[in-house]
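Each chain gets a letter, A, B, C and D, in the order it is written, and its residues are counted from 1.
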Amino acid sequence: MYSDKVMEHFMNPRNVGEIENPDAVGQVGNPKCGDIMKMYLRIENDVITDVKFKTFGCGSAIATSSMATEMIKGKTVQEALNLSNKAVAEALDGLPPVKMHCSVLAEQAVKSAIYDYAKKNNKQYEGLEGFDPNEEHDHHHHGDEE
Amino acid sequence: MYSDKVMEHFMNPRNVGEIENPDAVGQVGNPKCGDIMKMYLRIENDVITDVKFKTFGCGSAIATSSMATEMIKGKTVQEALNLSNKAVAEALDGLPPVKMHCSVLAEQAVKSAIYDYAKKNNKQYEGLEGFDPNEEHDHHHHGDEE
Amino acid sequence: MKKRVYLDYSATTPLKQEVLDAMLPHFNASFGNPSSIYTYGRESKNAIDNARDIIAKSINAKSDEIFFTGGGSESDNWAIKGIAYGNKHKGKHIITSKIEHHAVLHTCEYLEKEGFEVTYLKVDEYGLVNLQELKEAIRSDTILISIMFANNEIGTIQPIKEIAEIANSKQVYFHTDAVQAFGNIKIDVKELGIDLMSISAHKIYGPKGTGALYIKKGVKLHQLIHGGAQEKKRRAGTENVPGIVGFAKAAELAHENFDEHIKHLTSLRDKLIAGLKEKIEYIHLNGHPTKRLPGNVNFSIEFIEGESLLLSLDMVGIACSSGSACTSGSLDPSHVLMSIGLTHELAHGSLRLTIGDFTTEEDIEYVINQLPPIVEKLRQMSPLYEKVKGGN
Amino acid sequence: MKKRVYLDYSATTPLKQEVLDAMLPHFNASFGNPSSIYTYGRESKNAIDNARDIIAKSINAKSDEIFFTGGGSESDNWAIKGIAYGNKHKGKHIITSKIEHHAVLHTCEYLEKEGFEVTYLKVDEYGLVNLQELKEAIRSDTILISIMFANNEIGTIQPIKEIAEIANSKQVYFHTDAVQAFGNIKIDVKELGIDLMSISAHKIYGPKGTGALYIKKGVKLHQLIHGGAQEKKRRAGTENVPGIVGFAKAAELAHENFDEHIKHLTSLRDKLIAGLKEKIEYIHLNGHPTKRLPGNVNFSIEFIEGESLLLSLDMVGIACSSGSACTSGSLDPSHVLMSIGLTHELAHGSLRLTIGDFTTEEDIEYVINQLPPIVEKLRQMSPLYEKVKGGN
C-alpha cells in the first residue's frame, strides 16, 4: 500500500512536537474526517528557521506532515507557500490515490500557518489570496472491508 | 445412487428378449419420457411359464424389468397381478426416490401384458378392473446439472 | 522470522490443517461434478451430502434445510432479497438494525430504492436492540426482521430467542446473520425459532468463498442465483466441493470441543482487556461487557487514529483492525461505533483485537507489552492529546 | 486400479498441479483478508490484483473491467439481472436464445415473472442463431442481448462478433456466457465488441466456486450481491483468494500454449468422431461440424437411452454425460437437443464426450473399442431396435 519512504517517515517522523511561542501556528482538518494537522513555525527574516507538527491521523497524514515540514525548513515563506501537495507526495515516492488528500492536508497546514503569520504581521504573499483556513479540504476515502 | 442389486440386474439383466408367438404382450411408457417397457408372457394353465422383456430406458428401468420378470416367472396370473411396484423396488434393495416411477412402470408392464391375455382369452382377474394400459404412468424426474 | 501475532480472527481465519487435508482430495483426485451420475460424480455428491449433514447437525437443523452459498454476503443477500421479492404481495416492510454488517445494510438500502420500506432499529450504548422498539416497529405489512446474532465489530450478542419469539408471534419471517456467532456461540435454530440464518466458512478456519443459508422448511423465498438444479433447485452453480467439504470439517472441529474452545477464547479475551485497561489511560471498551463474542476485544483509544495504530502494530507483527474511516470503505468511521454513540474521534481511534484458536497466552502478553508505547508515541504526536496533558 | 477415462471436461475439470501449487500458500500461510491493511492483508490484496491482471490480459480487457464472482452461474445472474434492473427505465425487453445454459434461461424466465419480456431466439439444426432474426427481434425497449459464446452440450460456436455488432449498432448491451469458450477459443473482448462476459474457473482446470464477470467500462448494471466494498464496491463478500489465484493460474496455463492445446484437442475430437461413426450404425453427430468447441463430441445414438449408456460406460471406467432427462433436472430431455430439432428418442439417446488436456490417444482408442459392444448390448434390449433389425 505505502511506499517504503512513507513508512519510513511514518515510523520516524521528523519535526514532531511544538514550538514554544511560535511565530505562526496553523491547524487544518477535523476529527470527523479522522485527521487533524497542526503546524508551528519559527520565522526569522522571512525564512522558516524551525518547524514542528502534531498530527492526529492515518499513516500517510503523519508521513506527509513529516515530509512537508522537512521540505519547508530553511525555505523562505514564499517558497514554502509554493509547496504543492504533489511535490510532497512525490517526495514520498507517491501515495495511494485514496490517500492523496493527506498531501493536500499537509499543503493546507503549511498555508494555514503562513496565513496566521501574514495576518499577525500584516504581510502579503502570493498564493494566499482567497485562502480560507477554515475551508473543508477535499476528502476522498475508499477501500474494502471484511 | 443405485444399490448393488440394481447395478447387478442392470449389468446382467434376466429374461431379456422376446417370446415367439407369446400368449400375451404388454407395452407401457413412451419415448417422450425416455422409457418404454415391453413384456412377453407364455402362460400355461394360468401359470406364467416364461417371460421376456425389452426395455428402452435408464438403468433402473432395465433393472426393474429384469427383477419384475424374475418375480412373476412360475407364478399364477393372479399372483403376478398382485405384484406391487414396492415389492419390485424392495427386491432390488430399494430405488432412489426419483426412480420409483420405474418400478411403477414395471408393475404396469406386467399388468398391461396380463390385460392383453385377459382380453384375448376373455378372462377376468382381480386387480384389472379399471386398468387402462394406455394411461400415462406417474412420472417424476429430478436431479442436478453441471 | 519476524514475530507475527494475528489478532484479526473476525476478519478471517487461517485454514486448519485438518480442513485442508479434508479438501485436498477433491481438487484433482475426486474432482467430479456432483451432478454427474458416474463414479467421479457420485463421490462428489456423497461428499456434499455428508457435509450438509454435518452443518445441519451443528445447528440442530435438518439436512434439507441447509443450502450452500458462495459466502456470508451471498447468504445475507439471498435471505433478504429472496424474502422481500418472494413476499412482496404480503407487504414491503422490513425491519433490521443500524449495526448490521454491510451485507445486510446495503441490501436493505438497495431494496429501499426498489420500493421497499426499511426500519433501522437503533441500539443502546452496548449495541443491543430494544425489544419494545422492535415490537412497535412491526406493521401489518412487515415481512421480515433481520437482526444479526453477534456483531462483527464490537462482539455484542443480541437476544435472539426473544427477537425470534416476537417475529414468530407476529408471523413475520426472522433472519439472523450468524456469520460471527457460528462456531463461537452454541446455536440451536429450532429452540431459538430462527427462520433463516447466514453462516460463512472462513470465519471458523474454513475456506473463503463458501457459506450457507439455513432455510427453515416451508419458508418461501425467491432464488438469488438461478440456473442449474443444484441445492435442490434453490441455488444454482456447480458446487464448490472442496469448499463445502472444508466448511463442514471446520464446523465439525468447532463443535468438537466447543466448551473448551469458548473457555480458552474467553479467558484470553478477559486477560487482554484487563491488561490493556491497566496499562493504558483514556481507553474505553466498546460493546457489552458480558454479552459479547468470546474472542472479541474492541477499545476506543483516545487522541489517536486507528490506521496509524494498525500500521505501527503491523511493524511489530501484530495484525488487527479498526473502525477508523481510513481503513474502511467510506468517508465515515464505522457505522456500528457511531450507532453506539461514540464521537467521531473515538470511532476513528478504535482498535479491534479478535482472538482465535491459535492465539496463545504469549501472544496476549506480547500485545499488552507492545501496545502501550505505541499508543504513547502516537499520542505524543497528536494535537488532541496536548490539551489533556498540556503538551510535551 | 481400474482404468478411468474421464471425458466430461465440459462438466468440470480436475485442478492442474500448478494451479493447486499456486493456491496452497493462500490457505494458511498468506491467508489474510485482502481488505486488511496489515502485511497479511496486503499479501492477499496483491495476489488478487495480480490475478485480475492475468485474467484481464487473457481476454484483452483492462484490469478494472474484471470482477471476481462465485462462479459462472453467479456471473450470468449478475449480468442479466444487473442489466435488467439497472436499465428498466429504458426498457424491459431482453433477447436470448433457446439453447442458453440454464443459468441464463432460468434467470430470464424469472425476470419474465417479474415483469420483463424475453424473446428466446430459435436456432438452426446446428444450434446457430439467425442474425436476421436477431435484428428483427430488437425493439426500441430492448436493453440486453445475451447469447452464449459456445454451447456446453453440442459445442456450437456462435458468430459473436456479428452479434455484438448488431447489438452495438442498436445501442443494446451485449452479454455472452463464455464459460465453455474461455480457454478453448481465443477471445478479445475489445475486438469482438462484448459488453459483459461470464467465465468460470472450474472449466479450465481451476477451482470450483470461482468465476468472473467482465464488465466493459461504462456499462451500467445493478449489483447482485451487496455489502462490503470488495471488487470496487460492485460485488461484496470476502474474496476467495485461493480460488482467484487458482483461476488466474489456470487462465495463464490455458493461454500459454494456446494453439498447441487447441490442435491437440481438435485432433483427438476428430479421431473420436471418425472412430465412432465408423464402428456404430445409426448415430448422428449433434452440433456444427466445424464451428464447434475443440473438445466437444456429441452423438445421438438411436434406440437406446442415455443414462443406461452412461452407467454401462462407467462400469468400464469411462465418465461422460448425456442429454437424457434421466440425468438432468427435468422431465424433458435437453432443451438444447430439442431446440436443434431432435426427436425425444434421439435426445434421450445422446452421448456427450468432452476432451481435455489430460486426454490421450489411448483414451480415445479405449472409448472407440468399448462403446460399440455396449451400444449393441443395450440395443439388443431395446424394443425400439427390434423394429429396425427385426428382433434378435
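In the analysis below, contacts are C-beta pairs under 8 Å (C-beta built on N, C-alpha and C of every residue); 3 or more make two chains touch, one makes a residue touch a chain.
According to UniProt, the chain labels map to these proteins: A, B = Fe-S cluster assembly scaffold protein NifU; C, D = Cysteine desulfurase IscS.
Because the structure is a prediction, the values reported are computed rather than measured.
Trainee: Return the chains shared as contacts by subunit A and subunit D, ordered by label.
Mentor: C
Trainee: By mean C-alpha position, what chain is farthest away from subunit D?
Mentor: Chain A.
Trainee: Between subunit B and subunit C, what's the gap in Å when you average each chain's C-alpha atoms?
Mentor: 55
Trainee: What is the distance in Å between the mean C-alpha positions of subunit A and subunit C?
Mentor: Roughly 39 Å, centre to centre.
Trainee: Quick check: how many Å separate the C-alpha centres of subunit C and subunit D?
Mentor: 34
Trainee: Going by the touch rule set out above, which residues of subunit D reach two or more other chains?
Mentor: 11-12, 33, 35-37, 102, 228-229, 238, 307, 311, 321, 327-330
Trainee: Using the touch rule from the top of the page, what residues of subunit A touch 2 or more other chains?
Mentor: Each of 142-146 in subunit A touches at least two other chains.
Trainee: Which bits of subunit A are touching subunit C when the two form their complex?
Mentor: The contact residues of subunit A facing subunit C are 2, 7, 10-11, 13, 16-18, 27, 31-38, 54-59, 61-62, 139, 141-146.
Trainee: Once bound in the complex, which stretches of subunit D touch subunit B?
Mentor: Contact set of subunit D toward subunit B: 10-12, 102, 152, 303-308, 311-312, 315, 321, 324-331, 333, 343-345, 348, 380-384, 386, 391-392.
Trainee: Hey, which residues of subunit D end up touching subunit C in the complex?
Mentor: 4, 6, 8, 11-17, 20, 27-29, 31-33, 35-41, 69-74, 76-77, 85, 101-104, 106-107, 109-110, 114, 200, 202, 207-210, 222-229, 233, 236-243, 307, 310-311, 313-314, 318-321, 327-330
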